[in-house]
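Both complexes below contain chain A, partnered by chain B and then by chain C.
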Partner chain A sequence: MNGIISLASITYKEGIRNRALFGIFIMALLAFALTVILTSLFMRDIVRVAASLSLTTIAFSGLLMVIFIGTNLVAKDIDKRTIYMVISRPISRAEYIVGKFLGLCLLIIVSIMFLGIVSSIPVLIAGQTYHNPQSIFSWGIYFTALVFIALKLMLIAGVIIFWSSITSTSFISLILTISVYIIGSTNEVVKGFLDMKMEGVTISPLTSAIIKFVYYIFPNLSAFDLKVQAANGLSVSVGYIAWTLAYWLIYTAIIVSAGALVMERREFP
Partner chain B sequence: MILMAGYALVFPSFEKSRYPVKEAQARGLILPPPVVKLLALEFKTITADFLFARASQYYGGKSFRPGVWTKSDYVWLYNNLLVTTELDPYFQDPYYFGNAIFTWGAGAINDADVLLEKGMIARTWDWQLPFFLGFNKFYFLHDTKGGADDLLIAAKRPGAWVGLPMLAARLYSNAGRTENAIDFLEIFSRNENNAKIKVNYEIRLDALRRILDIEKAVSRYKLKMKKLPKDIHALVKSGILAEIPKDPYGGQFYLDKDGSVKTTSKLVPLRPITTNDSGINAGNR
Partner chain C sequence: MPLIEMDSLSKVFTKDFTKKKVCALNSLTLEVLEGEVFGFLGPNGAGKSTTIKLLLHLIRPTSGRLSIDGKAANDKNVRRMIGYLPENPYFYDHLSAKELLWFGGKSCDLNHDSILQRTDTLLQMFDLTDAENRPLRSYSKGMVQRAGLALALIHDPKILILDEPMSGLDPMGRKKVFDLILRLKEEGKTVFFSSHILHDIERLCDRAAILINGSLVRSIHVKKDLPSGKTLEEVFFEEVSRSGGLRE
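Entry: the complex of A and B
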C-alpha cells in the first residue's frame, strides 16, 4: 500500500513539474481572457456563452493534459526501459499500475480545480455586463459539470494505463487512446441513429451488430458531458448523477484492473 | 534582409488574391445536423456558439437593406440557426435573432415560427418565446385566436408581464389591429435590456402610432363624408389631419384601395436610420 502511495505521489510530482502542463495552463488562461472579449459578439445569452466557452476550454486543456502528459508519464517507463528499476523494487506490477493511475488522478483533480476556479471569472464578468431576465444560470450545475469533466479525464487516464500496459511504444498508446476518446464521444450518437430507424434506410445486420458492440464495449463519454446543462442552468437529477458515478466507478475499475492483469503476465525483454 | 523585403513585397498581392476566395467562403458550409452532432464530439456548445456568431456576423456585415438580401441568404441563415439549435436547443440567442430577422421585412414568418416553436419546447421557463409567436400569428398571419392562445401560454410562465391575459382578452374580442400591435410592441420594448434593440422597437412603435393617427383620421373622414378618402392628401385637404406624418423608416404613407394605411417602406428601413429621424429623442423616452 505504501508503495502505491509513494508511486502515486512521484507520478503526480513528475506531472505537475512537466513543462507541457505549464504551456497548457497558459493556453487555458489566454482562452479565459479571450472568452470575455468573445462574449461581446452575442446579444443576450452572454452568461451561457461565457460558461460554454469556459467549460470547453477546461475540457480541451484537460484532454491535452491527460493524453499527452498522461501517456508520457506511463508509457515512458516502458519506452525508455526505466521500468526495470521499478520492477526490481519490492512492489508488484499491479501495484505499479494502480499507483500510476492514482498519481494521474491526483494530477487531474488538482488541475481541474485550479482551472475551474479561474474559469468562474469570465462567467462572473459576463453576468455583470448584461442583465438577462430569461437566464436561469446556476453555479451548482456549473461545478457539477466540472466534476464530470474530471471524472471523464480519469476514465481516459484508465484507458491510457490499459494501452500502455499492452503496447511498448508511447506513440501507439497515444493513438489508441485518442481513438477510444473519439469513439467514446460518438458511440451514443451513432447508436441513436440506429435506434431512430429512418425510413428508406436499411442497416445491415452486421453493421447493426458492430455498432451495438462498440456501444457496449467502449466507454460512453457523452454521459460525462454536461456542458449544455451547465451553460443553460438546467438541473440534473440525483438519479442521473448516481448512476453515472456507478458506471464510471465500474468501468474505470475494470479497465485499470485489465491493465494490471496484462502487466502481471507481461514479459519484458 | 532580402527575404524580409520579399515577404513585404509578396504579402499585399497574396492578401489581394485571397479576397475572392474569402468572399466565396464568407457564408461557409452548413452540414446536416446529425453530421455536425457527430463531428462536434463533446464540443457541441462551442460549435453552437461559433455557428451562431458566424450567422449574426454575416447578417450584420450585409447591412439590412431591401434588395441586398437574396432568398439564398435567408435559406442559409435559417439552416444555420436550425443546426445551432440542434446542437444546443436551450441557447436563447438563435431564437430571438431568428424571430427578429425573419419577420419584419423578410416575410419568412413560418421560418421564424418553426424556430420559436422549437425554442418553446426546450426553454420551458422563457415566456417571451410564446409571446413572440403570439404576436407573429396575430400581426403577420392574421390568426388572432391563435395569437391569443399563445399569449395565454406565455402568461403562465415565470416572470411574464402581468398584462398578458388582458391583451389576450382584447385579441379574442377582435379590437383594433394597430392598437393591439402597439400594445404588443410596448411589452417588447419594456422587456428589452439591449439599448440598440430597444431603439429599434421604439422606432417601430413610433411608426405604428403614426399609422394609428392616420387610421383614426380615415374613420373620422368616413363618418363625416360618408365615403372613403380618395388618397391620403384628402385627409389634409378636409382639415381632419393637420399634415401627413413622416414615416420614420424613410417611406411615404399612403391609403390602399380599402382605406387601410400602408407605407412604401413596408416598415423596413430604406436607408440607415438615426434616432433623430423618428424624433424619439425629443420625448425623452
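Entry: the complex of A and C
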C-alpha cells in the first residue's frame, strides 16, 4: 500500500508543478474574468448565464488538464525510462497503474476545488450586481455539478491510464482518449434516437446492435453533466446521484483494473 | 552462500514488425555470493543490462531460473532488499532530491523518522545537501548520478545492483563511487555492478564475469585467478578476440 501512496504522491507533485497546468489555470482565470464582462451584456437570468459559463470553463479546463498531463504520465515514464526507478522498488506493475491513477485523481480534485472556488466569484458578482429575488439558483446544485465534473474527469483519467497501459506512444493514447470522450459524450443522445422509434424511420438490426454495443461499452459521460440543472436551479434526485456514483465507481474500477492487468504483462527492455 | 542464482538464464527478444528473434542472453549460469563485490564485464550489447533487467523483473526470462536470496525474482518483496542504479538514470523533472528519497523510503515501508534521518545522511554523503530542494531537472549529470545512488541506498538494501555507475562521471565523481563501493563492501553488502572501466573492476571486485554476445565466456576470482603478469584488461581483450569479436 505504501508503494501506491508514495507513487500517487509524487505523481500529484509532478503534475501540480507542470507548466501546462499553469497555462490552463491562467486560461480558466481569464475566462472567469470574461464571464463577469459577458454577463453584463445580458438583460436577465444573469446568474444563470454566469453559472453556466463558469461550469463550462471548469469542465473544459479540467478536460485539457487531464488529457495533457494524463497522456504523458505513463508514456513519458516508459520513454525516459523513469519507470525503472519505480518498478525496481517493491511496487508491482498493477500498483504502478493504480498509483498513477490515484495521483492523477488527486490532481483533479485539487484543481477542481481551486477552480470551483474561483468560479464562484463571477457567480457571486452576478448575483450581487443584478439581484433578482425570483432567482432559483442553488449553490448546492452548483457544487454538486462541480463534483460531477470531477468524477467525469477521473473517469476519463481511468480511460487514459487504460490506453497508456496498452501503448507507449502518448499521441496514440491521446487520440484514443479523445475518441472515447466524443463517443462517451454523445452515445446517450444517439441511443435516445434509437429508442424513440420514429414513424417512417427504419434502423437496420445491425446498426441498432452497434449503437447498443457502443452505448454499453463506452462510458456515458453525459450522465455527469449537470450544467443545465445547476444554472437553472433544477433539483437533482438523490436516486440519480446514487446511480451515477455507482456507475462511476464500477466503470472506473473496471477500466483501471483492465489497465493494471495489461500492464502486468508488459516488459520494459 | 549464493545470494543471487542464475541457472541457464536466457532472454530472446522478438522485434515488433519483422518478428525477428534476437538472443540477448544465452543460457547464463552464475552465482553471486553474499558479501562479495561482483563485476560484470562485456562490450556494448553483450547482455549486461539485459541480465540486470532480469534481476529486477523489468523483463522476464525466456527460459531458465533466477532467484534472489532463495526467492523468485518476480516476487516484488525481493526488491525490498535491492538498491538499483540504472545506466543514465532519469528521474521526475519537478521533484527535488529530498522528495525523490522520500518516495524511495516510503515505497520500501520505512517510517517517517527513518526516512528523514537516512535522507540527511545520504544527501550529506553525496554532497547534495545544498541542492536538496532544487528540482532534479536543474541537476548536472554527476548530481543526477549521485541522487540515483542515494535513492538506491535509502532503504539500506542488502544487495546493490549498479548499471555503469561510473559512466559520465568526472574523476572526482568516479572516486566517490569507487570509495562508496569499498565502504559497502566493508559493511558486508553484496554489490553487483557492470562497468567498462576494467581497471576499477580489477581493484574493486572479488569476482568478475565476462559476457560476450549474450554468453558467459569466463568467470574469474580477480584476486586469485588472474594469470601472472596479466591485467584484467588483457584477459578481457583475449576473451573478446577468442570469441571472434562482436556480432551485429
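Keep this in mind: the second predicted complex is superposed on the first by the 265 of 269 C-alpha atoms of A that agree within 3 Å, B and C clash if a C-alpha of one lies under 4 Å from a C-alpha of the other, contacts with A are read in each partner's own complex, and residues count from 1 in each chain.
Criterion: contacts are C-beta pairs under 8 Å (C-beta built on N, C-alpha and C of every residue); 3 or more make two chains touch, one makes a residue touch a chain.
Remember, it's a predicted structure, so these values are computed and weren't measured experimentally.
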item: Clash or fit, chain B versus chain C on superposed chain A; value: fit
item: Chain A as apex of chain B and chain C, Cα-centre angle in degrees (nearest 10); value: 160
item: Touching partner for A:Gly3 - first (chain B), second (chain C), both, neither; value: second
item: First, second, both or neither for A:Leu234, with chain B first and chain C second; value: first
item: Chain touching more of chain A, residue-wise (chain B, chain C); value: B
item: Partner chain(s) touched by A:Glu267 [first = chain B, second = chain C, both, neither]; value: second
item: First (chain B), second (chain C), both or neither touched by A:Glu14; value: second
item: Touched partner set for A:Thr186, first chain B, second chain C, both or neither; value: first
item: Touched partner set for A:Asp45, first chain B, second chain C, both or neither; value: first
item: Which of chain B and chain C A:Ser88 touches, first, second, both or neither; value: second
item: Touching partner for A:Ala33 - first (chain B), second (chain C), both, neither; value: neither
item: Gap in Å between nearest CA atoms once chain C and chain B share a frame through chain A; value: 33
item: Where chain A meets both chain C and chain B, residue numbers; value: none
item: Contacting residues of chain B [partner chain A, same complex]; value: 34, 37-38, 41-46, 48-49, 52-53, 56-57, 88, 90-93, 96-97, 123, 125-126, 128, 159, 191, 193-194, 197
item: Interfacial residue positions of chain C with respect to chain A in the complex; value: 13, 50, 53, 56-60, 76-77, 79-80, 82, 84, 86, 89-95, 99-100, 102-104, 106-109, 135, 151
item: Footprint of chain C on chain A - complex, ascending; value: 2-3, 5-7, 9-10, 13-14, 17-18, 80-82, 84-92, 267-269
item: Contact footprint of chain B on chain A as seen in their complex; value: 38, 41-45, 48-49, 52-53, 55-56, 59-60, 130-136, 182, 185-186, 189-190, 193, 221-222, 225, 227-228, 231-232, 234
